[in-house]
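These are the structures in question, set out in turn.
What follows is a pair of complexes built around chain A, which joins chain B in one and chain C in the other.
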Partner chain A sequence: MAVYDRNFGIYQGERTPTWSRFLIIPRYAYQEVFQSRLFVAFLGFCFLVPFAGLLVIYLHHNLAALSFINLPLDRLQEALPINAKFFRWGLEFQGFLCYVLALLVGPALISPDLRNNGLPLYLSRPFSRAEYVLGKTAVLAILMSAITWIPGLLLFFFQSYLDGASWMGNNLSIAFAIFFGSWIWIAVLSLLSLAVSAWVKWKPVARISLLILYYVPWGFAKVMNATQDTWWGFLVALWPTMTTVWTRLFGLPLEPGDYNGNPMPLAAAWLALVACCLISLALLSRRIRAYEVVR
Partner chain B sequence: MSNTLQPVVELQGLEVKFGGRPILKGLNASLTGRCIGLLGPNGAGKTTLLHTLLGFHPPSAGKARIFGKDIQTEAREIRGLMGYMPENDAFIAGMSGIRFVRLMGELSGLPPEQSLERSHEALFYVGLGEARYRKVDSYSLGMKQMAKLAQALVHGPRLIFLDEPTNGLDPAARERMLKLVRDIRDEGKVNIILSSHLLRDVEECCEEVLVLKDGRVATYCNLEAEREANRKFLQLEVRGGDEAAFAAAVEALGCEMAVDGKQRFKLVLPEGVEIRELYRVAAERQVQIRRLDSKRDSLQDIFLKAMETEVAGHGRV
Partner chain C sequence: MSETAASLASPTPAAPAGLPWRRWASQAGAVMRLDLRKGFRRPVGLLLLAAAPIAIALIRVVFSAHAVHERADVAEGTNFYAWMYQILILRLELFLAGVAVFGNLIRREVLDRTLHYYFLSPIRRELLVAAKYLTGVLVTFTLFGISTVISFVLAYLPHDWTAVSPFLFHGPGLRQLGSYLLVTFLACVGYGAVFLALGFFFKSPAVPALGMFGWESIHFLLPPLLKQASVIHYLQSLCPVPIPEGPLAVLSDAPSPWVSVVGLLVLAVILVAVSGWRIRRMEISYDES
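Up next, the complex of A and B:
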């Protein structure tokens, strides 16, 4: 029907599969997110470390290149060995960039829909609350995947390709740690950002809230642990909790120096992360409704 | 017109409670009209009923069906058949009209190209063609209402819920909106449920009306049938002669009659009795009929009657 006909017709054509509809939300969100030059520059910066990792791995296996820059192999191997620590450090750095990314993108995800009563429009369609949250989570999860486990695994496979199948066989746990560890952090950050976006309608305030949620408990934890000689404070601090899980996933020992001599037990770290996700989901569940609850 | 034979919405003892407080109390009705008005005073449960049919609130008891599909077990399919225009401002900030309507179309399952094409059509249809690349935030209230209507139409639904569509509109915009609703109705491809507390909106657009009062069905009637039924309801004003004898003679014709003040009568003519019989009886008794009104029930009468005599839980009175 052409626009000049100006009449109304029932649509009887094909429909998109139900399972893929949540992906409409990230597609629309990216059209807005990528309009910001600051964001595009930041995203470019996020690939610097993986690119540097690629160079280091390449140099490890290319004596000609090493001799060209006059760097002996043993010195490089001593300074930057390609092992679990190398990949863990990369994941930690990219993990912090994920947090910055959540700060930039997260607060604008749900609040505009709530501010203008947009939720009934989503939920009056064949589109559930779960799909809405999944779609909004996917906005962050896809971007974070692009800077964490995808480049991490590419580096792993590049190293495996250069070093041979035996290296890959001996270090499969690294690939698992990169993939699994990245997804835990992605889930925690995405859900937390969405929960903040759902409850704080003003973007700058939402960003400040995310900063507070990240740094204030961390500071509190350090003070509490130092004064009480305990590790309990870390239960409310996201970063030390996450790094505890990452360190163990990579099969590395926890260094007491990083935790004021009181490393956090792994089970407690898991518990804290799961609790953070559950609380975020509960907050989202209370807020993501098709109607305003007036009390 | 096969659509009008199948019930659009069936309510069977539908109850909804919020925090233990009953909001909808055992609604029973079978709505079949092309355009059905949902009337009631504020707080009667109109929006709650629409929200329940959309699956926003689970019924605490009873059932409801739309086109024969259960709202609880087939909610997703039902939502695919429906378009919803909410009462309050509802849009997504920062989006142009075309992107907003396109997104809504895609969420309803339209492929992106189809959705874009139909968004252009829908926006032209509601009169926002020239403003479709402007941000919805910058629209006037009337334009936002039209944008809400466009998003309700874009996926070509079979049933549209319009919740107070003329809210906050100036007379010209209100007339445009009602004309659109009538046009959609007259196209005959879609059923409409129009919720409003404005009787004129419903009277101008709807064939049937469901009146809610305090969470119950106060009345459900076909407006045209109701008017037909009251076709022979007359009001008389007479002067001179023997009024009592005139009244007795009129009753002798088989009319139901009531005295409505001095020299005024209300009566209902039975089948087969024509108005000229009244003039004949009056002439025989030397009574002058000064005024004769053939009164038809307006929606206001129906509404006020429903507000006075509430029939609990039953669709027809």
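Up next, the complex of A and C:
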């Protein structure tokens, strides 16, 4: 065939539906993520606490098993009651694992595309910037969901199944807290780690930046609050802010010991989390462009 | 880079007998100069880290009417500084600065695809590692040493000069500042050597750093034997003002100052030697990182 006869034609094959195009990114990202044995081992570890929770709930309703391990029911109910505190503690532990997950996966999501000028390859297709960010967020959000609200709600429904509909009816706020509390943390962590990945060129440096962004403001807040006798320091620290929101979502009182006697107001905690998300989005918006002016 | 290669390869006259110390010193100086120009030209993140304690001390000065209860009580300033130094500077900032600076000393050259320039220069690889390590110690100690001194001064600024002056010049004040500077230096040396060595065993130093951070954080819970396997155990014992570790802390004897200082220096020498041994066997692979 002569060269001048070759023309580009319109793609005639089946198109991916517009709503699900962002899922293409996680599909390919997971192929890379699951190649790491360290990550697979870590993900396995993430299910240990939900599994332990499952066992505890089961033991609460199985006297034969309790007698087998020689543990009276009243002692178990006294030590580990299945209530809002039980689920909140589980969510806190899994929330920390979410941070480690973001540390492992997050920095590699955007920086390689920017470093190798790969963004035009995405954005020259029928794929918007919002879909690109949504796709990258979905990589983290799906993994984090698998270790936070999905096992949390499964445990809740398992307890409801064993204890009856009345328990479920009385504790619906716990399910709400698990679901929304998880999603807030997922959104904050995903956007923050994507913003770091977009602005820091190298993966190891991005990981260290995430470590610093998480721990240094926390230390800053602790010292600041203790020495100035205030709660203002917590505005810059992610973890105390998030635990304040979780505690209130679960309907539990804030323990003064955790906050140097100065618990943070709920509105301030929400404001800090929303500000963190908005700043991360603004940073992403500045960086995710199909072209770059190099001076 | 050609200028650097030329400066590294410059024929400095060797010592007549024994080891060529003068040439090694000159080559190490060239590597350090280059690293300072290239790697630490705009250390914005490190500057922000070092500025955090200064910011807190400054806020305390500005809001001293609310934050300082008794202006004539120097002990209040001493306690404030001890708390801030041990919680923020020592446990968080020096540790994370160690990860950021030393964990990437060699890794950054791989990512920038510039390590082969060093390897092609007529310089011993062990010397390259030692010179880079010294650069890291120089940068971190300069930044955090200055931060330690400024925040120490600011901690006493809201207090009455009539009370502060005897404490500083006729009491333990300056000795305490000296101790804090020594701890800062040893933290840069100790954590630096640990993360330099870890950088040769792990692609990303953040993951082992997180594990080590957890270990150092639960130091107060560890039995006496395990406490000895942490850097913070030796650094904490050198701090002039102890802070309470909480009701759950497992008590143990603090090591003597000499054991702490010599122990940390020996640890640093061993770990830099391990790094030197690793880099001798290192083959460069600029794969996609």
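Things to note:
FYI, the second predicted complex is superposed on the first by the 282 of 295 C-alpha atoms of A that agree within 3 Å, B and C clash if a C-alpha of one lies under 4 Å from a C-alpha of the other, contacts with A are read in each partner's own complex, and residues count from 1 in each chain.
Everything that follows uses one rule, which is that a contact is a pair of C-beta atoms (placed from the backbone, for glycine too) under 8 Å apart; a residue touches a chain by one contact, two chains touch by 3 or more.
The shown structure was predicted, so the numbers you read here are calculated from the model rather than taken from an experiment.
By the touch criterion stated above, A:Ala267 is placed in contact with neither chain B nor chain C. Of the two partner chains, both chain B and chain C are touched by A:Pro112.
Once the two complexes are laid over each other on the shared chain, residue contacts for A:Ala165 go to neither chain B nor chain C.
Applying the stated contact rule after C-alpha superposition, one finds that A:Ala79 touches neither chain B nor chain C.
Residue contacts after overlaying the shared chain place A:Ser209 against chain C, while chain B stays out of touching range.
By the touch criterion defined above, A:Thr227 reaches chain C but does not reach chain B.
The partner that reaches more residues of chain A, of the two candidates chain B and chain C, is B. In the superposition on chain A, A:Gly219 makes contact with chain C only, not with chain B.
Of the two partner chains placed by the overlay, neither chain B nor chain C lies in contact with A:Ala64. On chain A, the patch touched by chain B and the patch touched by chain C overlap at residues 112. The touching residues of chain A, counted against chain C in their complex, run 38, 100, 103-104, 112, 202-205, 207-212, 215-216, 218-220, 222-224, 226-229.
Interface residues of chain A facing chain B in the complex, by the touch rule stated above, are 1-16, 18, 21, 24, 28, 32, 112-113, 115-118, 120-128, 289-291.
Partner chain A is touched in their complex by these residues of chain C: 45, 49, 52-53, 55-56, 59-60, 63, 66-67, 80, 83-84, 87-88, 91-93, 96, 99-100, 103-104, 107-108, 111, 203-207, 209-210, 213, 288-289.
Those residues of chain B that touch chain A in the shared complex are 51, 54, 56-57, 76-77, 79-80, 82, 84, 86, 88-94, 99, 103-104, 106-111, 114, 118, 120-122, 124-125, 129, 137, 151, 153, 155-158, 183-184, 187, 189-190.
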